[in-house]
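Chain naming follows the written order as A, B and C, and within any one chain the residues start at number 1.
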């Protein structure tokens, strides 16, 4: 068993990178709009289908598809927030949650209707190649996702801290009314955030597709872990989501190794509950005011 | 219990009552079966309403209590041969304990708002995973009661009308308890906590105790709902009773019907079931699309009925009396 | 071989006769014959949607074939009309859907992909004396409850596991007993857990020691750890039981972690009997064996079904086959009883000795609702095809066991 620990940890890190990628978009939305976006998993599923169809019909490699899918999903997210979520939730936190839930029901079942429940996989030969690291075989597609997660988290952090738009977003997140007074268009900023969050999840989808499958239900596979990652990292904290994602990947891997894969999933949720109880601000988050 | 803010509310409630009684007379078994499901689910909606509606603590994991009620009752019957009535009562108690436990832990650390929603969701997931991993809960196989209709085994499956009547009785009882709570001193404390916890504390209310008690009561109703499910369908597994869909069912009914009202959870659950059935009939032969229609109507309802159906009805034919959405 | 050709010729002839009789009955008369309603209760939405939709497709193909061949002849060529309802992957919805079927006036119905759904629906249908012919319902509780309206046409988990292990013993024997140890990987839901439990107690009797047993949830995101544990256990063979998505991830992880196995011997393994898996993962699918529900590919009706499915762009999975066969069983019962009355259907089904279905079963014989002559089939992936290796009389190829060393 002990010889398995190192490979398990390394594999866990690469899986955790995927969690982090998915959670980056969610944490931005959570942190700025203060909403639990239950449609996040469905948007991931849509992203996977988008990348899949680009590959299937036009032979576009999922890694190249990023340049098409990510801007398209930014637009989709912007429109969803501006056109549906904001007007339909009428400002109530509970309603936002339910609107996104209903939205996920719409997206999932449209996918089921139009694309059927068949499992689809993009057969990208090199994605299943392995990279040998410290004697462990790691999936190439996952290793790419790992470095992409680091890069994206870094870029987004720079965007948030070094650009005017980023500053506006942070201002809205901290003090909505104050931001309004100094002339920031809050509705636009919210939609911008939702757009960026959706673009992130689309990016995660492009990086996930080569090593995973697509079905209309695939979003559920990741959505709860994504929430856990967001809360553990501290809501709205981009570096937090990265660290928490990687950590959860390792916790899951070790939990699986020592408790069995079924019970091993517990590790994730126990970590989740402990964080919520003892460090509600998350590993790297600020204390909520 | 029967204090209504407006003629509209009285009419809405009357409509529901007439419908529930009409089910006896309708020749169609489809309505009976469908209403049985709606009633069974309205119990967990009523459970959510105690904490989410009156207490303002919106949980996203009422499956934790529901599943615990179902599993406690099933484990006692299947693994220990305990009498069904005793097991049923134990299911209610287990739900209450689970509610109190989650509440005590969460409120001890000041968890509230969307954090509370997420912590309850996480508890439900932890319990789901445990139930599917340990042998005593049937591990992944689930637990199956022996089919043995009779009063001693609490199985009335071969008598539809009796099943329906019993369910009506249970729902009426839970609603009566809700009404009693609402107009009790405790109910007033609970609403005070929802409206302004700091002010409530300043007035000398032990808010922690009030909140945990509310979770226990809600948990008892949730456990009851789970135990009822078990007696109806005789089989449970972890994804059926601890799944997210139960948690969604629990909160969606009260919010659409009118959270924090006595009739809201029943009105909402019934309305949503009718909507689901209508969508299914309208889009027969296109499975999936019925859920799309359902969800679209749901979104519209959230937008245009901020106080739920009871809130809408309250605005119709207002009686010359203060009290807002009273029922 | 001559026997084979003869049988095939006979089937062709009977098919042609059926077609003729269909043509012979005047069209006007047939139009006036009221359709007989048969229910199909499957999870068309929710997490079992894939299986449910495949089953519904199979049932549709069967009804089309029966109607094209002249409908139910004893009832004046009455066509079969399917009433398809959605169980939404939830037991209580499955039970409520039975009301809809009863109200629609179906004479019997088929369903319901998962045991939990089947338990709820058969219990609800008992009140109506409405027969449920199980397409897939592996849990033994389904037939153990003694409900008179339950007819499980396909084998349950006990029989499937027993046959699978018996065949594994035969294969191992023939190869000179190279297999000494096995690892079990199973999904932790009702069917995977029950099956793995039986394997755990029965496998040592074949002289094969179980060195690792790993349960995993469905869905499961990463199988690298499981592959590592299987590798560390140094098991000779792997016995997996899970659904297609997890199966695919698992086999890919096994390859990536360079796990050396003499064989992958799945029992109800989802993907090894799924042509889509074979098509999309051809290299890693080679020589994988599965013991599962399967049809007799040599029958004319089977070939026609395969052609219709290909035409409709639907993959031939066991779900399509078993649903097709259960409609055949119901049609045969209608043919014999000459009545669409529910009670008459239960009697006709209970007395069924039908042997014309596409399944390799021999005459149907329901004992306490369980078809004692049902049996699973062993399949092996060879090239881009799924071939039958057991039972011998239906085999399309000689098994290769253990699999050749990969190079």
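One rule holds for everything that comes next: contacts are C-beta pairs under 8 Å (C-beta built on N, C-alpha and C of every residue); 3 or more make two chains touch, one makes a residue touch a chain.
Computed from a predicted structure; not experimentally measured.
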item: Among all chain pairs, the one with the most C-beta contacts; value: A-B
item: Chain whose mean Cα position lies farthest from subunit A; value: C
item: Approximate Å spacing (C-alpha centroids) for the pair subunit A, subunit B; value: 31
item: Approximate Å spacing (C-alpha centroids) for the pair subunit A, subunit C; value: 38
item: Centre-of-Cα separation between subunit C and subunit B, whole angstrom; value: 38
item: Numbers and ranges of subunit B residues touching at least 2 other chains; value: 129, 132-133, 140, 287-288, 291
item: Overlap residues in subunit C, where contacts from two or more other chains coincide; value: 45, 47, 188, 215, 217
item: Per-residue overlap in subunit A, given as positions that touch at least 2 other chains; value: 109, 112, 260, 262, 265
item: Residues of subunit A touching subunit B in the complex; value: 34-36, 84, 87-90, 92-95, 97-99, 101-103, 105-106, 108-110, 112-113, 224, 227-228, 231, 260, 262-263, 265-266, 269-270, 272-273, 276-278, 280
item: Of subunit B, residues touching subunit A in the complex; value: 58, 60, 105-106, 108-111, 113-115, 117-119, 121-123, 125-126, 129-130, 132-133, 140, 248, 251-252, 255, 286-292, 294-296, 298-300, 302-303, 306
item: Subunit B - residues contacting subunit C, complex; value: 28-30, 32-34, 36-37, 40, 129, 132-133, 139-142, 144, 146-147, 157-158, 160, 229, 232-235, 237, 239-240, 245, 280, 285, 287-288, 291
item: Subunit C residues within the subunit A interface of the complex; value: 45, 47, 49-50, 52-53, 188, 214-217, 219-222, 224-226, 228-229, 232, 244-245, 248-249, 252, 255-258, 276, 280-281, 315
item: Residues on subunit A engaged by subunit C in the complex (per definition of touch); value: 1, 3-4, 7-8, 11-12, 15, 109, 112, 116-119, 121, 123, 128, 130, 137, 139, 212-213, 215-218, 220-222, 225, 252-253, 256-257, 260-262, 265
